[in-house]
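You will see two complexes here that share chain A, one where it goes with chain B and one where it goes with chain C.
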Partner chain A sequence: MGWTSKILRVNLTEGTAKSEPLNMDWAAKYLGQRGLASRYLVEEIDPRCDPLGPGNKLIFATGPLTGTAASTGGRYSVITKGALTNAIACSNSGGYWGAELKFAGWDMIILEGRSPKPVYLAVIDDKAELHDASGIWGTSVWQTDEWIKKRHQDPMMHVSAIGVAGENQVLYSCIVNDLHRAAGRSGVGAVMGSKNLKAIAVRGTGGVRVRDFKAFMAAANAGKKVLRDNAVTGQGLPTHGTQVLMNVINEVGALPTRNSRDVQFEGAHDISAEAMATPRKTDGRKNLLTNQACFGCTIACGRISKIDESHYTVRNKPEYWHASGGLEYEAAWALGAATGVNDLEALTYTNFICNEQGLDPISFGATVGAAMELYELGLLSKETTGGLEMKFGSAEALTRAAELVGKAEGFGKELGLGSARLTAKHGKPELAMTVKGQEFPAYDPRGIQGMGLTYATSNRGACHLRSYTVSSEILGIPHKTDPLVTDGKAGLVKAFQDATAAVDSTGLCVFTTFAWTLNDIAPQVDAAVEGGWTPEKMLEAGERIWNLERQFNMRAGFTAADDRLPDRLVKEAARTGPAKGLVNGLDKMLPEYYELRGWTKDGVPTNETVARLAL
Partner chain B sequence: MLKALVIDPGKCTGCKQCEMACSYENEGVFNPAKSRIRVFDFHHEARFVPYTCTQCAEAWCQQACPVNAITTDAMGVKVVHENLCVGCKVCTIACPFGTINYNASTGKVIKCDLCQGNPACADACPTAAITYQDVEQTGYDKMKLWAARTGTGESAGPNAPAARH
Partner chain C sequence: MHVTLKLYASLGQYLPPRAERNEAQVEVDDGTTIGALLAQHLVPPEACHLVLLNGIFQPPAGRTAVRLADGDAVAVWPPVAGG
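Our next item is the complex of A and B:
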C-alpha cells in the first residue's frame, strides 16, 4: 500500500519490457525515490562505467507519497550516473508525470542498455511498449509532447522527454515533463539521449491506495494547514515564487555575479519577482501571468510568463507568444546575474528555450558566464565564437548562445561542454565555478558560508538542494545562524543533508520544509506505507542514503580532493556588501564535517559508520 | 436552501487536489481518472479551469435515461441509481456539458452528486477556487467586485480582471 510494489524493467538493447516486484527489504531501509533508486543503481551498475555508454542505467523513481493526496505528493526523480559529473546523479521533478506513473501501477522504471534506433516508451496502465521515435527525433520537447498525445489519441497522457540537447548529448541537458518541469541537473538528459530514448509517455487509471486512509487523511490535512499558515509557503512562494529571493540574496551580498567576480548585481532588481509583477513600459503588461501548482501542491510556486511580443527575441517568432514556464530564482540568477544580463524578457526567452530544447538553465547560464570571462580575457575571440560578442551584460550573446547550444552547432558545441571542460580547454580551469564538474547555483559561499561546505560535499556535484542552509543562515528556518561565520556549519550541513535525502525519497517537494519538519512528514509516510516510519527512522534513512551515494562516488574514483571549491571562492575576497573582505572558510569546516559524518580524514566512511548504518 | 458549486477559474492553480478528494470520496482511492470533477490546463493561455456537473434544473441526462435511473433528490441533485443503471450511455450523449461519464470498471455511469451536501472538492481546494454556496447567490462575489468599481472610473472592459484577485 502506498506502493504499487511493481517495477518496470525495460531493456532497450533487446526491446523488452518486463514487470518485477519491488524489493521491499530495500524499501524498508531506503524509503523510496532517491534512496531506493540509488540502492538499485549501486547494485546494478559498475561505478566506473561510461555514463553515456550502454552499461549505465537510467531510473525513473517515485516515492511512497507520489500520487497520494499529500500536499506536493507528485514528485519523481531520475537516478543515473551523471554525464556532466561522472558522479551519482539524482534529479527531481514535479509536474504531473510522477503521479501518473503511479496511477498506471508502477513505482519505478529501470531502463538499461541502448536502443539500436530512436524509440519512445508508452506506459498505459499495465501495458508498456517501445515505439519507433523516428517521427519525433530531432524535434523539441514541446513538439514531442503534442505529437505523442495525438498519436495515442489521448490528451490526458503525461510526457517526459528530452529535447535536441539530450539527443546531442549536451552534457548538461535535462529531462522535461509536462512542458516545463524538469529533472534538471547533472546531464540526465544526455544519458537518456545516449540510450536513443526520446520520451516516456504515461497514462494511468488505476489510482493509488494507502495503508491507512483515515490516518493518512488526518496527517495530510494537518500538513496542509501548516503550509497554509506559514509565511513562506502560504504567502511568499505562491505570490513571488522562488524569485522572492533575488533582492534578498543580493542585499546580503551572496549573489554570484559575472562568473563570481562579484557578489552583488546592480541589475538584480530588474530581473526579480517584483520586476516580473510590474507592468512593462513597452506594452503595459506584466511578464508574470499567474502561478501554477505541480500535482497535489497547495503551495503553487510555479511561474507562468508571457514574453513581450515586441522584444527582439520573439518579434518575428509568434510561436513564442504564448504563456509558458517562467523564471524561477536559480534560472533567473544563472541567465542573469552570472552573465551580467539584466533584460528580463531575454532571460524569459532563454528560459523558454531551455525548456523547449531540454537544457539545465543553471549550468547553461553559468557556462555562458565562464565563456564571457574567457572572452574578456582574450582567450576566446570572435573567430572562435562564430562572431558572437561574448561580453558580460550582452543579452544578445546569451540568447544566441541558447539557440546554438542545444543543436550542438559551432560555438554552441563548445558551450555544451559545461564550464569545467570549456575553461580547461582554454587553459583556465580555475575560472570554472564548479564542484565535481557541476556548476554551482545562486548563492555565493563567501556571503553564505554554509553553502561552501554544501557545494564541496554534495554527492551530485555543486548543488543547493542537497543542504539548503540558506534556510537557516538567511531566512532563520528552523533557527537563525550567522551567514558570515563557519562555526557550527559542519553540523548544520550534515543535518540538512540527511533530512533532505529523506524528504527526496518520499515523493514530496523539498520546498515543504520551509514549513514542515520530519515531524509533519513522517506521519504521512507512515500512514501511506508499512515500515513504522518515525522522524528518527527517516533521518537515519537519510544518513544511510547520503553514505550510500558517497560510497558510489568513491568507487567511481572520487576522493577528498574532489571536495574542493574553485580558488576564486577561497582566495579572492568579496568586494562589496556584508561579506566584503571575506572568502569561504571551507578548510575550517571540512575536517569537522568528516568527523561528524564518521568518515576518515580522507573522507571515507569508516567501518564503524558502514556497520552502524547497515550499508 | 439549495446550494451549488461555484467555480472561479481565476483562483485555480491546477493542483488537482479536487480530483484526488473526489475520487477518494466516491471510489475510496486516489485516482483522478475516476474523478467527477476535472481540472483543464489551458497552458498557452495560463488558465486552469475546474469543471463538473452543474445539476441542471431540467437535466438532459435525467430526461434521456430510458430506465429512470437518474432522479432528483431533495437538494436538487441529479443522482444515478447504480442498481437501475444499465450502462446504455444515452445520458452521456444527452448531456451538453460532458459531465456524466461511463465507468468501464462498473458498467455504470458516474457524475457529481455533491457528496450528499458536503462536496469533498470544495473542502480540498486550497485557494477557494471551488466553493459551495447558496444557489440563488452564486453571483454575489462577482456582483460585489463590479459594484466596488462603479463610479470609480476604473475600466470595465474585457481586460479588466474581474475574476482575478
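Our next item is the complex of A and C:
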C-alpha cells in the first residue's frame, strides 16, 4: 500500500530518533500530508504555544501518492504553528525530497523540542541520526546541500534545509529542498531555525508499494493522458510557466502594484513570461533557459533561468552565473509589481537570493513594498534604512534589501519582521497588505472579488493556494464566473477550499486540478491505499481538514474579527482598469460563507457541523 | 479607426512586424468585430481561449457579435494558467 506505515519521531532536546506506527484510523479520516499531519499537530501541541519555542513541533509529511508513479506524486508539506502568523501553517513543496523520504521507508517526520546546538538529521533508509551542524551553521541552503552530500559521499541524497534567514528566525523564512523548491509560506523556516535544526538529508533505496498495482497503474496512466491532452497542463504550463499570468492579471486590472496603491503596473510586460523568453538587448540571450519538472511530474512548469553576467547585481559575482530556479508568477509579482521594479535581471537575482538564503519571496517582496511606502511617506529615512533609498521602482533598493534580509544584517533585521510588524512599528499598520499577519499574493481582491474572501478566511493567513478562484473568475476553469461581482463567490470559495485541502493531502500537486477533478484523483488514491476513497469521501475529508484547521486557530486565539482584509482593499477603490471604482465586497460574502460552512454568525463551527464531520 | 491588438504567449507569432511588447496599433474599418480583427491577423479561432476587450472577458459566442470602437484594446491568450 502507499503508506510505509512508519513515522520517525525525533526529539531534538534529547537527541533521540525513534520509529512509531502511523495512526491508520486518522489516515482513514484525514487522508495524509496536510490533513493527517494537522491532526497530529492538533493532538500534540498547545495552540497558544510560542511558535518559536520548544513547545511547537515541526512535521514533514508525505501523502499516500508521494513516491508513486502518479503524475506529480512527489509533494510533501511542512506543518507547524507559523512563526509569521501564529496560526496553523502548512507549506507545500515539490522537488524530489518528499519521494526520497518515502523511499527511505517513512511517511512522516515529527520533530519536537529544541537541540542544544546546531544539528542536521540524516535519514538513510531505516537509519536516522542527528549530526553536528556547526560546520554549516551560518552558511546558505546551497552550501549546506553541497557540504552534506560531500560529507556522506552521496550525491544522490536530497536535502531540505534552511539558510541564514531561518537560522536568524526571519519571520518569513522558508525551508528549501533540492536547491530551489520550497515550503515557502508562514515562516516554517524560522521554526526550524528556532530548533537549531539546519537540514534534513534523506536517501532511500526502497520503493513504494500500492494496494492494487493493476488498478493503480490504470488510474495513474489515465490521469497522465488527461494531463497530456489538456491544453493548459499539456502545453500552456510547460511552455510558459505560471509567469504567463503577469500580463493576464495586469490586463484585468487585478495586479497589486506599489503596495496595492494601484491595480495595474506599467512595467508588467518587462517582468513577464514573454520577456523571459525574449533575447536580451545586452547579450542576446534569453533569461529563461528551459523548464523543469519535479519528481514524477508530467507537466513540468518550473523555470530555469540564467542572469545576464554583465548585470550590476552579478557583474563581479561568478557564483551567480549558473543556471538556477527562475521566476514563478508569485515571486515576479512580489519582487516586481509590489515594489514597482521592472528590471527582470534584478528580480531574477533577488529570486536566487531567496532560494539561496531561504526567504519566502511573496512576503519579502510585499514587505519591501510596504517599506517603500513608509519611506515615501517620510516614516523611514536613509538613517533608519542604513543608507538605502527605499523608493518605489528602485532595483538597487530591492536587491540590497534581499542581501541584508538574507543575512539578517542592518535594516534587513527590521525588514525580516514582515510587513504587519514593520508598519505597526512605524505607526501605520493599515499599510500592511496582510491577513492574519501574512502578506497576500498576486491578485488584487478589488479586481477579483472571490480572492478577497479567499484571503480573509484562509487558515494559514492570506494565501491564493487555499482556494484559487482565479481559476474560475479569470481563466474559466472549470467554468467562467464574473470577477467583478460577489454573487456566488461564497459557495465557490468553499468548494475550492474543501477540494484543495483534499488534494494537498494526497501527495499530488494542486496544478493538476487545471485538468483533473477529484474524479481523476480518487481512483489513484483508492488504488494506492486502503480506505475506499471516492470523490465524495475526499471532499468530505477536505471539509473536515478545513474545519480542523479552523478549530486550531480559534484555540490559538483567532476570532471572526481576524477574517478581514486591509482597509485599503475595502475602502479605497481601484483607480484604473475594469475594476475602476470598485472595492472588495467582503461584507457581502462573509455571512453567506459562514452559513454555507455550517458556522455561527461569529464564524464558529456549530455542534451539528462538528458532529457531521466527526471532528 | 485604431484599436490595440495584444497577442500573448504562443499567439505572439501572429502580431504584425511592427509590434512591441506583444502589442500593436492596428487600423480597422468601422463595424469590425473582435472575431474579424483576429481573422485579419490569421489568429486561429480555436487557439483563442481567453479574449479580453478592455480587460473584460468576451465569451466565444460574443466575439463575432461585439463591434469594436475607436481606442479599444483586444488582448488574447491561448489556454494558460498559473498560481
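Quick note on the criterion: the second predicted complex is superposed on the first by the 615 of 615 C-alpha atoms of A that agree within 3 Å, B and C clash if a C-alpha of one lies under 4 Å from a C-alpha of the other, contacts with A are read in each partner's own complex, and residues count from 1 in each chain.
Assume contacts are C-beta pairs under 8 Å (C-beta built on N, C-alpha and C of every residue); 3 or more make two chains touch, one makes a residue touch a chain.
The structure displayed is predicted, hence computed values, not measured ones.
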Task: Give one of first, second, both or neither to describe whether A:Arg555 is in contact with chain B, with chain C, with both, or with none.
output: neither
Chain B versus chain C as contact partner of A:Lys382, first or second or both or neither: neither
Query: So, A:Arg315: does it touch chain B (first), chain C (second), both, or neither?
result: neither
Field: First (chain B), second (chain C), both or neither touched by A:Thr298
entry: first
- request: Mind working out whether A:Lys127 is in touch with chain B, chain C, both or neither, as first, second, both or neither?
  value: neither
Message: Under the stated touch criterion, which partner chain does A:Ile477 make contact with: chain B (first), chain C (second), both, or neither?
response: second
Query: Just chain B (first), just chain C (second), both, or neither: which does A:Lys117 touch?
result: neither
Query: Which positions of chain A touch chain B when the two form their complex?
result: 67-69, 71, 96, 103, 156, 179, 204-210, 213, 217, 224, 228, 238, 289-298, 300, 304, 306, 322-324
Residues of chain A that touch chain C when the two form their complex: 230-232, 235-237, 239-245, 247-248, 251-253, 269, 273-274, 328-330, 464-465, 468, 470-471, 474-477, 480, 482, 510-511, 514, 577-578
Field: In the complex, chain C residues that touch chain A
entry: 6, 8-10, 12, 21-22, 49-50, 52, 54-57, 59, 75, 77-83
Query: Which positions of chain B touch chain A when the two form their complex?
result: 13-17, 20-21, 23-24, 27-34, 43-48, 124, 126-127, 164
